[in-house]
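Each of the next two complexes has subunit A plus one more chain, namely subunit B in the first and subunit C in the second.
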Partner chain A sequence: MSGCWAAEGNDAVKIAARILTALAALAAAIVAIGPIAWAVSTSLKRNNEIFLVPPSLIPTTVTFDHYARLFHEGVHWNFLNSALYTFAAVSSAVVLGTLAGYAFVRFEFRAKSAMLLLFMASMAIPGYALLLPTQVLFVQIGLFNTPVALPILYAAHIVPFAVWMTRAHFASVPIELEHAAAVDGYTRFEAAWRVVLPGAKPALIAASAFGFLYAWNDYITSTTMIDSPDMRTLPVALIFFQGFHGRDWGALMAGAVIATLPPVVLFLCFRRYLIGGFSEGSVKG
Partner chain B sequence: MQTAKSVVFEGVAKRFGAVTAVDRVDIDVKPGQFVTLLGPSGCGKSTTLNMIAGLEQPSEGRILIGGRDVTGLPPSERDIAMVFQSYALYPHLSVFENIAFPLRARRRRTAKPELRERVTQVTAALGLDALLGRLPREISGGQRQRVALGRAMVRTPNVYLLDEPLSNLDQQLRVQMRSELKDIHQRLGATMIYVTHDQGEAMTLSDKIVVMSGGRVEQLGSPRELYDRPANVFVARFLGEPGMNLFEGRVDDGALRAAGVAIAADRVGAGRSGGLIAGIRPEDLVEAAPDKAPIAGTVRTIEFLGSRMLLRIDVGAAIVTAFMPLGARFAPRQPVGLAPASPDRVRWFDAGSGKALN
Partner chain C sequence: MNVATTRQRNAAGSADPAAATRRTGLALVVPALAVVVAVNVLPAFFGFYSSLRAIFFFGDDGFVGLRNYAQLFADPSTWQAIRRSLVFTFGSLALAVPLAMLAAIGIRKLGAWGRVLLTVLLIPWAMSPIVVALLWKWILLPSPGGLLASILAVFGIPPINLMSNPDYAMPTVIAVGVWRTFAFAAIILTAGLGQIPADLYRAASVDGLTALERFRRITMPLIAPSLLIVLSVLTISYFNEVQIIIGLTSGGPIHSTTTLGYLLFEVGFVELNQGRGNAIAIVMFLINLLLIVGYVRLLGGGRK
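Now for the complex of A and B:
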C-alpha cells in the first residue's frame, strides 16, 4: 500500500512540475511576443488611439496610414539597402567561412593552430571597440560611406562564426567519403561539393542565420560607416522617425514590424535546421 | 566491357616523415588474379592499397596499371573501384543513388536509361532490389556492405580494391559474404586486390597472398605455398590457426635440442654451428611414447573443436599446440609425447635470420 501512496505522491509532484513549467513557458512567451504584438497593434492604430487610456491591444479602427507614410518617406529603399548589404555580407562570409572551415580540417599548413586560434579569438573581441579605428581606416582607404563598407565589416564579423560552425561539421565527416568519391571519378572539389557539403546544410543555415540577424539588426556600424541618406540601412532610417519634435510612434512601430518580418519568416522556414545546426556546432568539433 | 588489367609495383616506398610505412615493395598482379595483402595492423597493407588507388602518393618507385604508369595520376583517372572498410556510403543518398554515383561523374556520365539498367542489374545480382529508395542508415550492416560492393560493380573498372570489406560483419555474415565475393570474382573475372588481417579470408579467397610486416613483403605466393613452405618464421607463425610451432635450439649429435625437445636434424644440421629453429604445424604432430618422443611435455588444456581436439602442451618454457583425433584420451597435467608425422613435415629456419633453410 505504501508503494501506492508513494506513486501517487510522485504523480502529484510531476503534475505540479508540469504546471509550473507550462506557466514559466507562458510567461516567457508573453515577455517575448508581447512587445511584438504591441508594435503590430500600434502600427495599425490611428494616432489619436495610440495613447488612449486605458490602452487596448485591438485597434478600434484599423489603419495602414503609417505603412503608407513609410513608403512615402522612401523607407523601402532603406529596406532594400539592408537586404542587399545583408545578402552580400552573409553570402560572401558563408562561402569564405566554408572554404576556410574545410581547409582547417582537411589541409595541413604552417601556423594552422595559431590561425584557428586567431579566428576564434576574434569572436571574443567586441566589434564596437574597434569601430572608431575602423572608421578612421575606412576614411583613409576610401571605403567610408561606400556601398561596400558595411558588407565588408559584416562579413568580417560573420566569417569566424561560419568557420567555427562548418569546421565542426567537416571534422565529423569521415575522410573515406571523399576518398570514395575520388575513386568514383570525382575531383576533390566535386567530392567536397557533392558529398561533404550536402550534410553541412544545418551548419550553413545556422551560420547564415547568425550572420543575417547580425547584419540585418545592426545599427551602430551602419551609423558609423554610412553618411548618405540614400545608403542608409533600415534600422538607421527608422531612428529618424523618433523626430526632434515628438516621436511618430505609429510610423516607428510600422517600421519595426517591417524590420521584424524577414527574420521571423526565415526562422519559420528554417527552424528545423537552425536548432539542429546550433546544437551540432555546440557538441562537435 | 573492359578487360582485367595487371597491377605492378616497382620498388614502391612510402614514408611519413621518419616513419617508413612501405619499404621498396615489388608486387606483380596478373590480370584477373585475386591477390590479398595480408598482415597485422600497421604492416603497410592499407597504405599499399591506398597507393594503388591514388589516395597516397609513393615516396619512390612506380605503379603500373595495365602497363600504364599511374604513379602521378589522381584516383579519378586510374579507373579503379574501391570498397572501404567503413563502406563509405554517402549518407544523404539513397541506395540507388549511392550505386549510381560513379556513373554520374563527369568523366563517365551515363545516359539515364543505361544508368538505370546498369544499377538495376547490379542490385538484382546483389539482392538489393527492395532497398533502392532507402538511405544507408536505414539498412543493415550486411546490406550496406552489398551496396558498397554494388557501387564498385556498377562500372567495369580496371581493378577492384577491397580494404577489409568484411571486418565489420558478424561471423556468420562474414563467411556468407566471403563465398559471395569469391563467386563475384569468378563471374567478373576481374583483377581484385584485397586487404585483410584475417588469414582465413586470405586463404579462402586468394589466388596469391602477399604477407607483409613492418612495411616489407615477407613472402608472396599461393595460399598453399605460403602455408606449406613459409619463407621465414614470421610467415610460419602468422599463417595457420594456430600458427606453426617453432622450436629453437642448437644442433648436437644430429638433433636439434632444447628443453624437452630432440628433433632429428640430419638434413640441415650437418656442419651448422649456429642456432636452428624447427617448425611443425599442429596437424603434423602425432602422439608418441613420452619417454622416447622427440617432444615431451605435459597437457595444459584441451579444446574440443567438433571434428578434432586442440591440445596445448607445456614443453619446457614454451607452449606447443597439436591437433589430435577425437578418439584419443588426454587429461590436463598428463605427460604426453609428440613426434613429427614425417621428417618432410618439419620446416627448418636459421635462428639468426629467421629465414627458411629447406
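Now for the complex of A and C:
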C-alpha cells in the first residue's frame, strides 16, 4: 500500500516537474526570441507608432519606409562588401584548412605536433588583443584600408577551426578506403578528392558556417582596418548611421534586421552541423 | 589540384617515398600555417616592439624602453580597468554557466522539444555582437518607445536609465553579453550530459537517491570535463569582449564599463596613442596566454 502511494506521489512530482520544465523552456524561448521580434516589429512600424505607449508588437499599419531609407543611403553596397569579404575569407580558409587537416592525419613530417599545437593555440587567442599591432603593421606594409585586409584577417581566424573540424573527420575515415581506391587505379589525390572529401561534407559545412558567422558578424576588425566609406561592412555602416541619425530607431532596427537575417537563416539551415561540430569537438576533447 | 597530382605522381616514382610524403605533408600544411603565423604570431612580436616605442597617430618618435609600461601601471585608471575586466569576466561567467547548465538539463529532459529549444536559444548567438548591442539599446531606452520603460509604465514604475547610471551599467552589459552567448555553453553541456550512461541514474533511483543527490553525486562529477571546457572558452571570450561595450555604453558612464579591452580600444584606436595602446595589447595578450596555459593544464590533468 505504502509503496503504491509513494509511486503515485512520484508520478505527481514527475508531472509537475515536466510542466515546470516546459514553462521554463517557454520563458527562455521568449527571452531569446522576443527582443528580435521587437526589432522586426519596430522596423515595420510608422514613426508615430514606434514611440506609442503602451507599445504593441503587431504594427497597425506595416510600412517598408525604413528599409527604403536605408537603401537610399546605400546600405546594399555595405551588404555586398560584407558578403564579398565573408565569401573570400570562408572559401580560402576552408580550402587551406582542409588541406592541412588532411595532411595532419595522413602524412608524417617534421615538427608536426608543434604545428598542430600552434593551430590549436591560435584558435584560443582571440584576435582582439592583437588587433592594434595588426593595424599599425598593416598601415606600414600598405594593407590598411584595402579590400584584402579583412579577408586575410578573417581567414586566419577561421583556418584553425577548419583544421580542427576536418582533422577530426579524416581521422575517423579508415585508410583502407583510400587503399581500395588506389587499387582501382586512383592516384592518392584522386582518392582523397573523390572518396574521402565527399564524406567530409559535415565537417566542411560546420567550418564554413562557423566562418560565415564570425566574418559576417564582425564589427571591431572592420571598423579598425577599413577607413573608406565605400569599403565599409554592414555592421560598421550601421553604427555610422546611428552616429548621424541616432533617434531614427525605425531605420536602425531595419538595419539590425538586414544584418541579422543572413546569419540567422544560415544558422537555422545548418544548425545540425554547427551544433554537431561543437559538441563532437568538445566530447572528443 | 593538377599541380598537386603531378607532384604526387613524381613523388611516387622517386627513390625515397618517406621523404616524398614528408614534403607533400609539409606542402599541404604550410599555406594554412603561413596565414595563421602571419596574422597571429607576427603581430604579437610587432606589438611588443611597438610597445617599446613612442608611437602617436602612426608616427614613430623612437625607442623609449619600458616607459609605456611604466606609465600604464603607474596610472590608477589601468588598475581600475583590470578590476572591471575581472568583474565583467567573472560576473558574466557567474550568470552564464548556471543558466547554461539549467538549459542543458532542460534540453535533455524535453527530448525532441529540447533540440528545438536549443536551436531557439542559439539564435542570439548567431547575431552580430554590435547589432545585439544596438537592439538592446533600443529596448532599454528610458523614454517613450523603449520596451522596458513601456512595460514598467504599465505597472506605474518610472523608467530606469540602466546605461547612464554607473551602478547599473556594468550589470546591464553583462546581462546583454550573456543573452547572446550562454546558449553556446549549453551545446557543450548538453553533449556532456548525453555522455552520462542512463544506467547510472536508474541504479541511483533504485538506491533511493533524491534528485538533488543524483545531481551532486552523478551529474556533477561526470559533467566536470565539459564544464571545464565551457569555463575556459567563456573566460577567454568574456575577457576579450569589447563590441557589446562599445555598442551599449562606450565604456561609460564615468568609465564604469571601461574594461581593459575597452581601454585598449580607447587609447589605441580612438586616441591613437599606439605606443601605450600596444603596451595594453601585450598585457592583454599575456593574460590570454596565461589563461590558455592554465586551462590546458587543468584539462590535461582532468583527463588523466
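FYI, the second predicted complex is superposed on the first by the 266 of 285 C-alpha atoms of A that agree within 3 Å, B and C clash if a C-alpha of one lies under 4 Å from a C-alpha of the other, contacts with A are read in each partner's own complex, and residues count from 1 in each chain.
The rule is short, and it goes like this: contacts are C-beta pairs under 8 Å (C-beta built on N, C-alpha and C of every residue); 3 or more make two chains touch, one makes a residue touch a chain.
All values derive from a computational prediction rather than experimental measurement.
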Now for A:37: first (subunit B), second (subunit C), both, or neither, which partner does it touch? neither
Check the residue A:186 against both partner chains and state whether it touches subunit B (first), subunit C (second), both, or neither. first
Using the superposition described at the top, determine whether subunit B or subunit C touches more residues of subunit A. C
First, second, both or neither for A:239, with subunit B first and subunit C second: second
Which of subunit B and subunit C A:137 touches, first, second, both or neither: second
Touch check for A:271: first (subunit B), second (subunit C), both, or neither? second
Between subunit B (first) and subunit C (second), which does A:198 come into contact with in this model arrangement: first, second, both, or neither? first
Let me test your reading of the model: by the given contact rule, A:97 touches which partner, first (subunit B), second (subunit C), both or neither? second
Touching subunit B in one complex and subunit C in the other: list those residues of subunit A. 187, 190
Subunit B partner contacts - residues on subunit A that touch it in the complex: 174, 176-177, 179-187, 190, 195, 198-199
Complex contact set, residues of subunit C against subunit A: 1, 4-5, 8-9, 12, 18, 21-26, 28-29, 31-33, 35-44, 46-47, 50, 55, 58, 102-103, 106, 109-110, 113-114, 117-131, 134-136, 138-139, 141, 144-145, 147, 150, 153-154, 179, 183-184, 187-188, 190-192, 195, 225-226, 229, 236-237, 240, 242-243, 246-247, 261, 264-265, 268-269, 274, 277-278, 280-281, 284-285, 288-289, 292, 299, 303
Within the complex, subunit A is touched by subunit B residues 53-55, 74-76, 80-82, 84-86, 88, 90-92, 101-102, 105-108, 151, 161
So, in the complex, the side of subunit A touching subunit C is made of residues 18, 21-22, 24-25, 28-29, 31-33, 35-36, 38-39, 42, 50-55, 93, 96-97, 99-100, 102-104, 106-110, 112, 115, 118-119, 121-122, 124-137, 139, 152-153, 155-157, 159-160, 163, 187-190, 193, 213, 216-220, 224, 235, 238-239, 242, 249, 252-253, 256, 259-260, 263-264, 266-268, 271, 275, 278-280, 282-283, 285
